[in-house]
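Below are two complexes that have subunit A in common, paired first with subunit B and then with subunit C.
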Partner chain A sequence: MDETVAEFIKRTILKIPLNELTTILKAWDFLSENQLQTVNFRQRKESVVQHLIHLCEEKRASLNDAALLDIIYTQFHQHQKVWDVFQMSKGPGEDVDLFDMKQFKNSFKKILQRALKNVTVSFRETEENAVWIRIAWGTQYTKPNQYKPTYVVYYSQTPYAFKSSSTLRRNTPLLGQALTVASKHHQIVKMDLRSRYLDSLKAIVFKQYNQTFETHNSATPLQERSLGLDINMDSRITHENIVEKERVQRITQETFGDYPQPQLEFAQYKLETKFKSDLNGSILAEREEPLRCLIKFSSPHLLEALKSLAPAGIADAPLSPLLTCIPNKRKNYFKIRDK
Partner chain B sequence: MSVLRPLDKLPSLNTATILLVGTEDALLQQLADSMLKEDCASELKVHLAKSLPLPSSVNRPRIDLIVFVVNLHSKYSLQNTEESLRHVDASFFLGKVCFLATGGGRLSGHHGAAPGARAADLRWPRARCLSSEPAVPAEKL
Partner chain C sequence: MAGILAPGLGVLAHLERLENQMSRSRKQSEEPQSVQAQERVLGTKIQKLRHLRDDLKAAVRHRRGSVKACIANVEPNQIVEVNEQEALEEKLENVKAVLQAYHFTGLSGKLTSRGVCVCINTAFEGNLLDSYFVDLVIQKPLRIHHHSVPVFIPLEEIAAKYLQTNIQHFLFSLCEYLNAYSGRKYQADRLQSDFAALLTGPLQRNPLCNLLSFTYKLDPGGQSFPFCARLLYKDLTATLPTDVTVTCQGGEALSSSWEEQRASHETLFCTKPLHQVFASFARREKLDMSLVS
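Here is the complex of A and B:
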């Protein structure tokens, strides 16, 4: 086994927390059941890793096997990467061909190898007609850097692909080209949507987030449940503004629905608008050029936070459509200019 | 303009009614629940309102104490309280009004006093007519 491959596998296994190790190794399916049984997973991590490397050597692990392990690790730790969304389109009058996975993989690999000579491309197919692609980038003269790969998740029955954002941005056009040509599309465009939560991005892009699931709460009448009112059993408390409260709950439910919101960490608004002010004679109001300003909303769960603003009494309902349109418009990056 | 007056209704027998006014409903609810858990000489009733004036209602008992709950981090909360104060008769301030400031604890990652409203601002406009000191000192939750 190559020194670099051994080092690569070692570093990958070291990243895996002990409690996930057996699950990931089983998913990798490279070491046999018998081999895994010889390993004492209760030892100190360094000893476990050493034993595993030894077993990999016995079985002559290749670079491809190592890359596959890296893909699986990333699939288990998707939120460690930030994902961008790309949308492809076919040219006018182009037929919808039947998708051939084998042909796609060959074509994709060939395009990259022709351009760069030194590149490692690995694939792992998952359910839902998705393929995870791992690309380690080199140049004409240098070997691929296995420690800064790019991941692409392509849903073959759709024109969408999700790409992990990386620091090596000069390869992005080439990657886009390979993806487009191999999947028999004409054009690729980056959407203004980005998050760590791949599942939420999927839900937004494929419009799957607005499904209400029947829970065990469905015994309570829909009215009570959806109003979210703490129907206060204590008759000593009176809500003076119950009408307003109900209005806010209704508007919130109409805007956000009953279902859990997809998870996003931020929304960013780039403003290029003229300054507007009630005060007359303000220096800024006389300025002809638009002011440039960036507003960023951050939260561990932005959409749920926005949903709870009006019921919590922190904002008026209805909220600005700039905030509420995020899942519908499939954007969390906005550019706002004067009309 | 409807104004709350302290003595415009007859008192109910052995009953005290407190009105909590504030923008954050969940907080008012919490406060009301804790108040009702305490022992009270009379029967205690709590009304919760977002702002004043209250929606007109003949059935409302006489209000014995108004508590304005202000969030120190929210200008909106302060504005709401200021506007509500206009609907309170001056005589209420003789011992029947209380200001409660919330959010006085340290903000995580923020050093120094909490930003936002200053409790002293609440002395304007009504209470100032009576004396230079607020009728009841502001308490921190």
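Here is the complex of A and C:
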């Protein structure tokens, strides 16, 4: 086994927390059951890692095997990366998409290898019709850097791909080209949507975040849901503003629905608008040029936070459509200019 | 001498002892007192609760008696009311059954507060398969609020063509695509689950199930070369392939009998559903085996 491969596998295994180690090794399916049984996973981590490397050497792990382990680690730790979303499009009147996974993989790899000579491309298919692609980038003269790979998750027979954000931006056009040509599209465009939560991005982009539908078998008609405030209330207490509370509840339910919101960490608004003010004669109001500012809303779960604003009394209902349109418009980056 | 020089030891200690004795005896006399007081309080509580229980029991007996009397005195009108109630319940059950039966028509819907939620139940060869929903908002323009159609079905295209102008056409077209997809998926799933023994490698498929590629042998244990089949379904509203290529993995020129078989397989895949073709392969194999033995 090559020294660089051994080092690469070692560093990857060291990243894996001990309680996930057996699960990930099983998913990797490179070391056999018998081999894994010889390992004492209760030792100190360094000893476990040494033993595993020894087993990998016995089985002559290749760079491809190591890359596959890296993909699996990343699949288990998706949230450690920030994901961008790309949308491809076909020309008008295109033939029906007869997607062939083998052809796609060959084509994708060839395009990158022709352009860069030194590049490691690995694939792993998942059950949800997605293929994870790992690309380690080199140049004409340098070997690929295995420690700064780019990941792409492509959903076949859809125009969408998710790419891990990286600082190496010069390879992005080439990557876009490879993806577009291999999947038989014409163009690729980056969407204004970004998050750590790949599942949420998928739910937003595929419009799958709301899966509750009214059928004749629905148990409770949607109108009957109560406010939940007055269950154990003493009947002598009345809410002064119960009408308003019910209005807020109704509007919130209409805007956000009953389903769990997809998880996003932020929404960013770039404003280039003229200053609007009630006070006449202020300096800012006289300014001809638009003001430029950046507003960023951050939260561990932005959409749930927005949903709770009006019921908590912090904001008026209905909320600004700029905030509520995020999943519908599939954007969390906005540029707002005066019309 | 000892008594005078160390008076504390004697007198004061004695006084202390007497003091302790007194306080101990006082405590003892108090305890029973407080315990007695508590006993008295609990005793009265028990009596009160017993009274309450007896009152409630009497009330229940009284009620039961009056209800029995009511039933005994029941009037003909009341019997009719009960019958009407039963009739209404029967009607309700009927309506529910009819609504459920709509599922089998393949297309049903329920009015919602903002429009209608359409349910498309797909089927293939009499087997009820997956259901898909499209929630429509009835506004100008008509729009789709949310849906459960898979992302690789061209819903936006179909909507762009028909939703505003001809909603019936929109629904029928969508039904066509979804039923065809369900049918193709069903055939591929059946091939994988029921005829794995005849396949010599994994079935290659894609999300729309419109490109299937597999290798198979008619005699699983035997010496014959495996066939490679590649099925293309260019018409997404069809459940039979538009292009079929069957080749023999042997590579060399085939004997005329193999060539005949190869050509006949191509025709079979074009004209019959995939799992039925394999079912006939399996039957033929059984027949051959029985002839041999």
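Assume the second predicted complex is superposed on the first by the 314 of 339 C-alpha atoms of A that agree within 3 Å, B and C clash if a C-alpha of one lies under 4 Å from a C-alpha of the other, contacts with A are read in each partner's own complex, and residues count from 1 in each chain.
To be clear about the criterion, a contact is a pair of C-beta atoms (placed from the backbone, for glycine too) under 8 Å apart; a residue touches a chain by one contact, two chains touch by 3 or more.
The shown structure was predicted, so the numbers you read here are calculated from the model rather than taken from an experiment.
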* If you stack the two complexes on chain A, which partner ends up touching A:186: first (subunit B), second (subunit C), both, or neither? -> neither
* To do: Name the contact category of A:59: first (subunit B only), second (subunit C only), both, or neither.
  => neither
* **Partner chain in contact with A:287 - subunit B first, subunit C second, else both or neither** => neither
* To do: Would you sort A:79 into first (subunit B), second (subunit C), both or neither based on which partner it touches?
  => neither
* Asked: After superposition on the shared chain, which partner residues are touched by A:240: those of subunit B (first), subunit C (second), both, or neither?
  -> first
* Structure fact -> Across subunit A, the partner (subunit B or subunit C) reaching more residues is C
* Structure fact -> Where subunit B and subunit C land on the same part of subunit A: residues none
* **Parts of subunit B lying in touch with subunit A, wherever the complex brings them together** => 19, 22-26, 29, 32-33, 36, 43-51, 54-55, 74, 76
* Structure fact -> Residue set of subunit A touching subunit B in the complex reads 230, 232, 234, 236-241, 243-245, 311-315
* Contact footprint of subunit A on subunit C as seen in their complex -> 96, 99-100, 110, 112-113, 117, 119, 133, 135, 146-148, 151-152, 204, 206-208, 210-211, 213, 232, 234-236
* Of all residues in subunit A, those that touch subunit C in their complex -> 95-102, 129, 155-158, 160, 206-208, 210-211, 213-217, 222-223
